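Here come two complexes built around chain A, the first alongside chain B, the second alongside chain C.
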Partner chain A sequence: MGGSFNSNHFVFLMMGAVWTLALTMLAFVSGGVLGFVVSLCRVSPLRALRLITAAYILLVQGTPLLVLIFLLYFGVSMAGFQVSPLLAADLALTVYSSAYLGEIWRGCIESVPREQWEAAECLPLTRTQRMRLVVLPQAYKIAAPPTAGFMVQIVKNSSLASVVGFVELTRAGQLVNNSIFQPFLVFLIVAVLYFAMCYPLSYWSRKFETRSGIYARVQPE
Partner chain B sequence: MSYQFEFADVLEQWPLFLKGIRLTVQLSALAVVFGFVVGLLTAIGRRSDTPWLAWSCGAYVEAIRNTPLLVQIFIVYFGFAALGWKVSVFSAATAALIINLGAYTCEIVRAGMDSINKGQIEAAECLALTKLQIYRYVILVPALEKVFPALASQFVLLVLASSVTSQIGAEDLTAVASRIQSETFRSFETYITVAIIYIVLSYLARVLFWAVGLIVFKRRRRLGLAF
Partner chain C sequence: MSPIIEINDVHKNFGHLKVLNGVSFDIERGEVVAVIGRSGSGKSTMLRSVNRLEKIDRGRLVVCGHVVSDPSVDLHQLRRDVGIVFQSFNLFPHLTVRENVALGPRVARKLGRAETAKISEAALARVNLLEKLDVYPEQLSGGQQQRVAIARSLAMEPQVMLFDEVTSALDPYLTGEVLGVMEDLARGGMTMLVVTHEMEFAKRVANSIIFMNEGRVWERGPGGMLDDPQTLELRQFVGKT
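Right after this comes the complex of A and B.
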């Protein structure tokens, strides 16, 4: 027993929370860029491109994120590359988010009314112009709530980075617990901190969710 | 870079993989069955007219959906043990998965029940169905029918999420992988093998739920809704 929970422990947990947010932002930005490419490929007129990205999504969505992290951390370093825990976790979260965001955004792009595409075609806009000027600006609006909803998933799933030793909130909780052994209290505080990060996003996402059911209430764990 | 892939050592361990698969399937099956029941009950509770019941069901759902599964598992396993309520790894893992899935199921089922047209319920009232009959035939079953695809996806995701229980020492497929890779030093091959097994498992789960949907919801099939 190493004493009771004090302010130092709390500060340590808060530092962990900051790293959780940093990891989330990193993964969201890189996963978002890759996911955007994936969603464009999914609606591409090229059949091969559609099939390849469909296979990519199938493979990533069929693998647990934990296995993905292990694969990138232990696997790639065994194969001769040095991978830091942060990089492995960030890469795994990037791949993971790109597959889910790609599917979510594809749904948003496709839910832009058909007439909009047709009208753009009639105005002889090129395919790129049609996408950039007509479809995407409307898709952004539809995409905002489900994207915020998915950010909640990234925040929560960043907890899995703890398994490779990256000190984010969950790992910080484990370390504090190792020194004072009060798991119930420590992990409850950790849970409350996660809740404080996730709930505003969930709330906002639900408030603005469109009624058209683009984002079925299925959320990956 | 040239990396020599060597799957032989890893595949030699197939009895261990089988054991891991068995536990993963067991955990997922228990969690899906009981998680569904919990979710159904909380969905009904959340729609009830009793304020405290509706509120506490809502609080449960929000608390679970906004915290990571890993932390929930730690609370159930380490937390309750420290409070003097010792549970085995398997029960803790199962309980955590049930609690987790219950919250997600609740949201999906509730969305389905909320989408039932008011006119349907009024029509049922005019036909003098009792409250219980209305709930069962007009609200619950059609709602489940509607949201079944979403439920099925959530259940498939649970199979994958069960991998997180390896972190408290449940000997599931992921834990088996850690063991094999530390014995064979073939981590890349091990995790690729495990990823493929998970992909196959989640595909099989999808087929299973599709078949269940066909059998349970005969009307779905008649209406041509059975994907």
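Right after this comes the complex of A and C.
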């Protein structure tokens, strides 16, 4: 068949990896912004906002990401809007990560002790000031490890974008393999590239978890 | 002049549990009142009702002219006038001592940088902690943390200060330094309502002592009342049988 694995194939795979990273970053940024709004709505004093976002999370978490991608690519095209594979994949990943990050961050906000809210309330800070100056800075530190952990999930799940023809790392692997038919070698390289992207995130996440005394930037004498 | 705190027939239930069962008493400006009683007698709930951390079910509560029992009370103004110090300190762990104390003046009182610094440093000087300005709470002893919490409250320049078992988490040595600061405040004319288990402090510093039992004011009197309890319950509480 089409010859053996050469440097052109490797460059093609690397390009795929770059697109995987790009898709992940896009999804993480837009999913993060939306997820932050979702998490704030989940702890809002307004019952309606809490219920709506709870339903949103339930709905998204109960739907396979693959189906979300199909829905946004084929479904929206049928409705008459031209959607590129990148846009469809990005939208699907955004929706997906906003629901999960929203729920992770809600947990982080709620794990800031109630006494902290109370102390801020008695100072007296307004609700927005309490959130911004007291609760979020503490929740942010609690949130770092699970957030880094979830980013690993986005990197890997971005491979599902291959089903709508978006050439990220997995799709690039399929294309190279179709031409030279060396599945073991090709997908081994693909796997190593995924690992190389995920490992720093896992490492970072673990480092956050094991670091103790996170508030002490100054050493006690 | 009318009392700075007026509590009149206040009731509060947690589900079926009657926590406050008709509490009534007044506190005059500049008075220091210690509240003692067994756990579950309602003293903490009463204290927390004064700045509306707990909503009462029935009765009338007026603090510094704010009708706390009225649902439309201005909470912001009420809490600017009434400071509270908690058993578990509740300092903000992500902020330094200076930032903890400055947060109220800067954000709630909207003061400028220079004035905020002046007020926070004066408050920290009153609790003898000026040398700890730039450390984080976790680097301080419990007694120091509680003194920072007192300074944080003082920096709001409140008219009344509430103390909710502020030494219960401290060993006797650290308890002493916190009580010392509170005694200075009392001598400086601060109106204080102090829920405490420190009988000696109550006797020495308070103008009057309130003994609470079953969600009511059971006895009220000067420090000497602990040596001459009128009721069986207070006699049992102070261990004179």
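Following the convention adopted for this analysis, the second predicted complex is superposed on the first by the 209 of 221 C-alpha atoms of A that agree within 3 Å, B and C clash if a C-alpha of one lies under 4 Å from a C-alpha of the other, contacts with A are read in each partner's own complex, and residues count from 1 in each chain.
By definition in this document, a contact is a pair of C-beta atoms (placed from the backbone, for glycine too) under 8 Å apart; a residue touches a chain by one contact, two chains touch by 3 or more.
Keep in mind the model is a prediction, meaning the values are calculated, not measured.
Visitor: Applying the touch criterion given at the start, work out whether A:E118 contacts chain B, chain C, both or neither, answering first, second, both or neither.
Guide: After superposing on A, A:E118 lies in contact with chain C but is clear of chain B.
Visitor: Can A:P183 be said to touch chain B (first), chain C (second), both, or neither?
Guide: Touch partner of A:P183: chain B, not chain C.
Visitor: Is A:Q138 contacted by the first partner chain B, the second partner chain C, both or neither?
Guide: In the superposition, A:Q138 touches chain C alone.
Visitor: When the two structures are overlaid on chain A, which partner does A:T126 contact: first (chain B), second (chain C), both, or neither?
Guide: second
Visitor: Starting from the residues of chain A touching chain B, keep only those that also touch chain C in the other complex, and list them.
Guide: Touching chain B and chain C on chain A: residues 216-218, 220.
Visitor: Using the touch rule from the top, collect the residues of chain A that touch chain C in their complex.
Guide: Where chain A meets chain C, its residues are 115-116, 118-126, 129, 133-134, 137-138, 141, 213, 215-218, 220.
Visitor: Could you list, by residue number, the parts of chain C that touch chain A in their complex?
Guide: For this pair, the touching residues of chain C are 51, 53, 75-76, 79-80, 83-84, 86, 88, 90-94, 103-104, 107-108, 134-139, 152, 156.
Visitor: Please output the residues of chain A touching chain B within their complex, sorted ascending.
Guide: 58-59, 61-68, 70-71, 74-81, 152, 156-157, 159-160, 162-163, 170, 173-174, 177, 181-184, 187-188, 190-191, 194-195, 198-199, 202, 216-221
Visitor: In the complex formed with chain A, which residues of chain B make contact?
Guide: 1, 3, 62-63, 65-72, 74-75, 78-83, 100, 104, 107-108, 111, 149-150, 153-154, 157-158, 160-161, 163-164, 166-167, 174, 177-178, 181, 185-188, 190-192, 194-195, 198-199, 202-203
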